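Two complexes follow with subunit A in common, the first pairing it with subunit B and the second with subunit C.
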Partner chain A sequence: MLALVSPALLVILALIVLPVGWLAWQSIYHDGFTVENYRRVFTEDVYWRSFALTFEISLAVTVIALLLGYPVAYLANSVPKGWSILILSLVVLPFWTSVLVRAYAWLVLLQRSGVINQFLRYLDVISEPLALVHNTFGTVVATVHILLPFMVLPLYATMQKIPNDLMQAGASLGASPSLTFFRVFLPLSLPGVLAGCTMVFVLCLGFYITPELLGGGRTVMVSMLVSRNVELYNQFGAASAVAVVLLLSVLAIFFVVSRFISLDRVLGQK
Partner chain B sequence: MMRASPARIALYVISALVLIYLILPVLIIAPISFSSARFLTFPPPSFSLRWYQQYFSNPAWMQATQVTLTVALLTVVIATPFGVAAAYAISQSKLRIMRLIHMALLLPLVVPIIITAVGIFFVYARIGLVATMPGLVLANVMLGLPYVVISVLAGLQSFDPAQEMVARSLGMNRLRSFFAVTLPQIKSSVVAGGIFAFISAMDETIVALFISGGQYQPLTKRMFTALRDEIDPTIAAISTLMTAASFMLVLLASARQKRSG
Partner chain C sequence: MTMKRTIGLGCAMLGAIGLISAADAAEQITFVSQGGAYQQAQTVAILDPSAKKLGITINQDSIPDAWPAIKTQVGSGKPIWDVVDTPTGNCLRGGEQGLIEKLDFSKIPNGAAMPEAYRSPYSVSYEFYSSVLSYSLKTFPKDAPNSWADFWDVKKFPGRRALRNHPFATLEAALMADGVAPDKLYPLDVDRAFKKLEEIKPHITVWWTSGAQSAQLLNDGEVDMEMAWNGRVSAVAKEGAKIAFTYNQGILQSTSLCILKGAPNLATAVRFLNEAVDPVHQANLPLHIDYGPGNPKAFETGVIKPERAAQLPSEPANAAKQALMSYAWWSSPAGEAAEKRWASFMQK
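Up next, the complex of A and B:
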């Protein structure tokens, strides 16, 4: 049996465990052990500002995705099966479109001469085109779009398991629909909320394509810090230290969340 | 009974807006790709295939397309048997270490892709695999493995291992009984896993940005570089073709999964 897993395991060891280990090693060793790279990450302005910005954007993206995703999951859960399949297909549809293609679509929609600006000017809502892209706004709009399915699917999976009887019991005892929702349904859906939020937050922490293409060079998220240190400045040690801190943040979040809900749920494996 | 309540109506409206937000960007690309305008206007002024012509007549795009298709095909050919073997072993074995191995095989989904990309770049730089075909294929095999493993494990869950035992008790060896009894029953999940690995390889961008170069650049890397410089409608044509390919593959995979369901 071990022989059967070994080819796959070997690929994983060689192409993800070894590379990540290499990063960790490179972050502390350069002609002798050094903490210089970590000192820079934690003291230099550029670095911690980028980390702060990344956490802020990830938080914003997570909250927005929750606010947009919860109603959709709720609706999909409360309509007849044919409709819920339709709603879920629409949610998953963009999922199977390349992230790059979707980033491009948002560029087309949001740029100064783009579809949304043209439309708003046609309606005479604005006279000058709005700066919708090449900034944090554009990054957030596109990132929420890409990560929203990761919010809706665990929410829906959790809502599916909430027995309908409970709501009827609440109603029969005289509670209004909104009271049954807030006192019964919402608390029972919290594991799904946690699962969805974790996945969206963690994926956003390491997001690269949308901030790079839609951030206009001003929204320097941690992933861009890593790539610039490698591609532009040849600062391999610093890049490695940033990557290690990012990875440790992600693992810490998974660890804390695993105290509350099963990680299988977060990773969408039921 | 609560169909007419204001809360219910608000729910419909909000959900409809969110769904429009989700699919609008996917739908906007195709009309632009068929537009004759150099600059993006919507609705497009007139129908034209010039961006498709530009794509098909450009040797650099064609070379990149060939790289993408080759990498995706090789990824499927390698990742599928590796993933099936691993999933089978994980589901059959009672060894405690299998749990750990199972988790290890899902690592590509957990580690932020930018970290994986930079790490692979450093390792490849040492052993001379940067800007090579084998390097690109290996990285995509690693990234595609979790999809195969997850899909096949799900397929094996509804398979009764006793059937294989019967075949073996009737004198087949383990290998033959697997191919004769087990594989035909989990075929759909194997195909679905392979298709997901193909799509993953076709869409993969970030690792390719770091480790591909020269004549071995996939479509996504060239598209990314082009997007950084200017918005060229040729990319809309390529995006439309890629999206169409993805959707057809997903439909194929889900049709297969349903049949096995």
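Up next, the complex of A and C:
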């Protein structure tokens, strides 16, 4: 078994552990040990604002993705097999399109002369175009779209394992469909909810393309700080300190989540 | 285009391998620019003719921002690039940080003949572009904004606005809007510039980050006026977009050629550098793209027709209306501090 796994372990070591370790080293060592990079991250309010905004956006994206994703997963779970394959294919289909293309597609839809504004003006719902993009709103919309599969798939996997007998048992005891849902199905699907939310939230923390293209320059998420610091301070340490702080926040989130459910489940093993 | 270029590069490399076996390592260099239509224009106007004249092979690479790569390549001790075409400021700070070779101008007569403002101990100007005030002709069929003061005047010129999400040229524009003369900008009064920027900030719809984005904003009617690079505006205008720009109070910027410290083919790189700023090659560049030659002597070659010259940012009459960016100031400690201050300005 070890022999089979070791190539993969070596790849992980060479391509993930070593570079991350090297980056972390850079953040504390530049012509001698220094805490300057971290002092900056923790004292300058630019960083604080970006981290706060990043967590706000990630939270909003997670909540919206859950509200949109849950019914989809529920539907896929309750229809015959053929239909559920179709639904899941539609969920996964956008995966095959580049994130960049999807972000630009949202630009076409949301901008001032875009499809949505023109349609609303045609219907006379609005007289002035709405500011749907080049702000946090546009960023959230596109990010939800891109991350939705990461919510739907763990939800679906969890729902698949909820025995249908339990609902029938509830019904036979006289509970209404909504009561069985809220008292039986929903609690049993909660591990999937937590798994999906963790995935979406954590992935969103590191998002770069959508805020960069659709944020209008004001939506500065942490990943953008990383790239900006390379340009601004001309050394990797300044950027990797930001990356290290983000990485530690993600690990902290995983740690807290792991107190409630097994991490295997978040990563889709069980 | 990248695809095409990669294939081209592949062919060039195969060709190079063939040459090496046939003619015992023909001289070659690796030249790096920013890709896209711009690099293609150079290939036709400057790179291919230079390679032919010098009998060398020029391998090409491209990268949008060469600075981090220069740092890592030279830092690793074994750079693979020789000559880089990059914003002049990178050559200057690279020179100061020991990442860029100091040039021996006795071996670069074409560079030595250029006015001092067009070269540094580490670099020679390669081409000029300008950050100009551009606007929609639909919104402003007449009486268009014509100065940065107009751009800042939201009463007289209502409309949506965009600026670049970068302090370069933006601080200069703010100071000109506040009444500073284009030739009296440096050293920049940074406090005054940011104060003026605070004034316009609520009226800025988008702070753009890429040239393509700036062109799209104006083309799609997202904004009515913005700061943009002249080549981007004219390219979209040529395709029929109802947009225009003025060189008045534009900020004239340049990229320069410089050589990486410890470049693998230093001697050939120096020969190429001299050839690349030859007035005739330089005069050929604007025949293929809307950027001005880095060597002002190009305008005396007769290659650029007067009506074409009038469209170029570095043509003397146009240049006289603009401010020449001081890269020396931007790479000074004050300039670097201003760059850092920009980050907090944007997020407030």
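Side notes on the structure shown:
The working rule: the second predicted complex is superposed on the first by the 248 of 270 C-alpha atoms of A that agree within 3 Å, B and C clash if a C-alpha of one lies under 4 Å from a C-alpha of the other, contacts with A are read in each partner's own complex, and residues count from 1 in each chain.
The rule is short, and it goes like this: a residue touches a chain if its C-beta (ideal position, glycine included) is under 8 Å from a C-beta of that chain, and two chains touch if they have at least 3 such contacts.
Please read all numbers here as calculations on a predicted model, not as lab measurements.
With both complexes brought onto subunit A, simultaneous placement of subunit B and subunit C is prevented by a clash.
Of the two partner chains, neither subunit B nor subunit C is touched by A:Ala169. Judged by the number of subunit A residues each one touches, B leads among subunit B and subunit C. By the document's definition of touching, of the two partners only subunit C reaches A:Arg218; subunit B does not. Touch criterion met: A:Val230 reaches subunit B and subunit C at once.
Of the two partner chains placed by superposition, subunit B and subunit C are both touched by A:Gln111. Once chain A of one complex is fitted onto chain A of the other, the partner contacts of A:Ile85 are absent, as it touches neither subunit B nor subunit C. Contact with neither subunit B nor subunit C is seen for A:Leu59 once the two complexes are overlaid on the shared chain. In the superposition on chain A, A:Arg49 makes contact with subunit C only, not with subunit B.
For subunit B, the stretch among 9-17, 27-35 or 63-71 that collides with subunit C in the superposed model is 63-71. The interface of subunit A with subunit B overlaps its interface with subunit C at residues 107, 111, 113, 212-213, 230. Listing the residues of subunit C that touch subunit A in their complex gives 65, 67-68, 71, 93, 97, 160, 165, 205-209, 213, 216, 220-222, 339-340, 343-344, 346-347. Note for the complex: subunit A touches subunit C at residues 44-46, 49-50, 107, 111-113, 131, 134, 212-213, 216-218, 220, 228, 230-232, 234-235. Considering their complex, residues 1-2, 4-5, 7-9, 11-20, 22-23, 26, 68-69, 71-72, 74-75, 87, 90-91, 93-94, 96-109, 111, 113-115, 118, 145, 148, 177-178, 202-203, 205-206, 208-209, 212-213, 223, 226-227, 230, 236, 239-240, 243, 246-247, 250, 254, 267, 269 of subunit A touch subunit B. The residues of subunit B lying in touch with subunit A in their complex are 2, 5, 7, 11-12, 14-15, 18-19, 21-26, 28-29, 32, 39-42, 81-83, 85-86, 88-90, 92-93, 95, 97-98, 101, 104-116, 118-123, 138-139, 141-142, 145, 149-150, 199, 202-203, 205-206, 209-210, 220, 223-224, 227-228, 231, 235-236, 239, 242-243, 246-247, 250.
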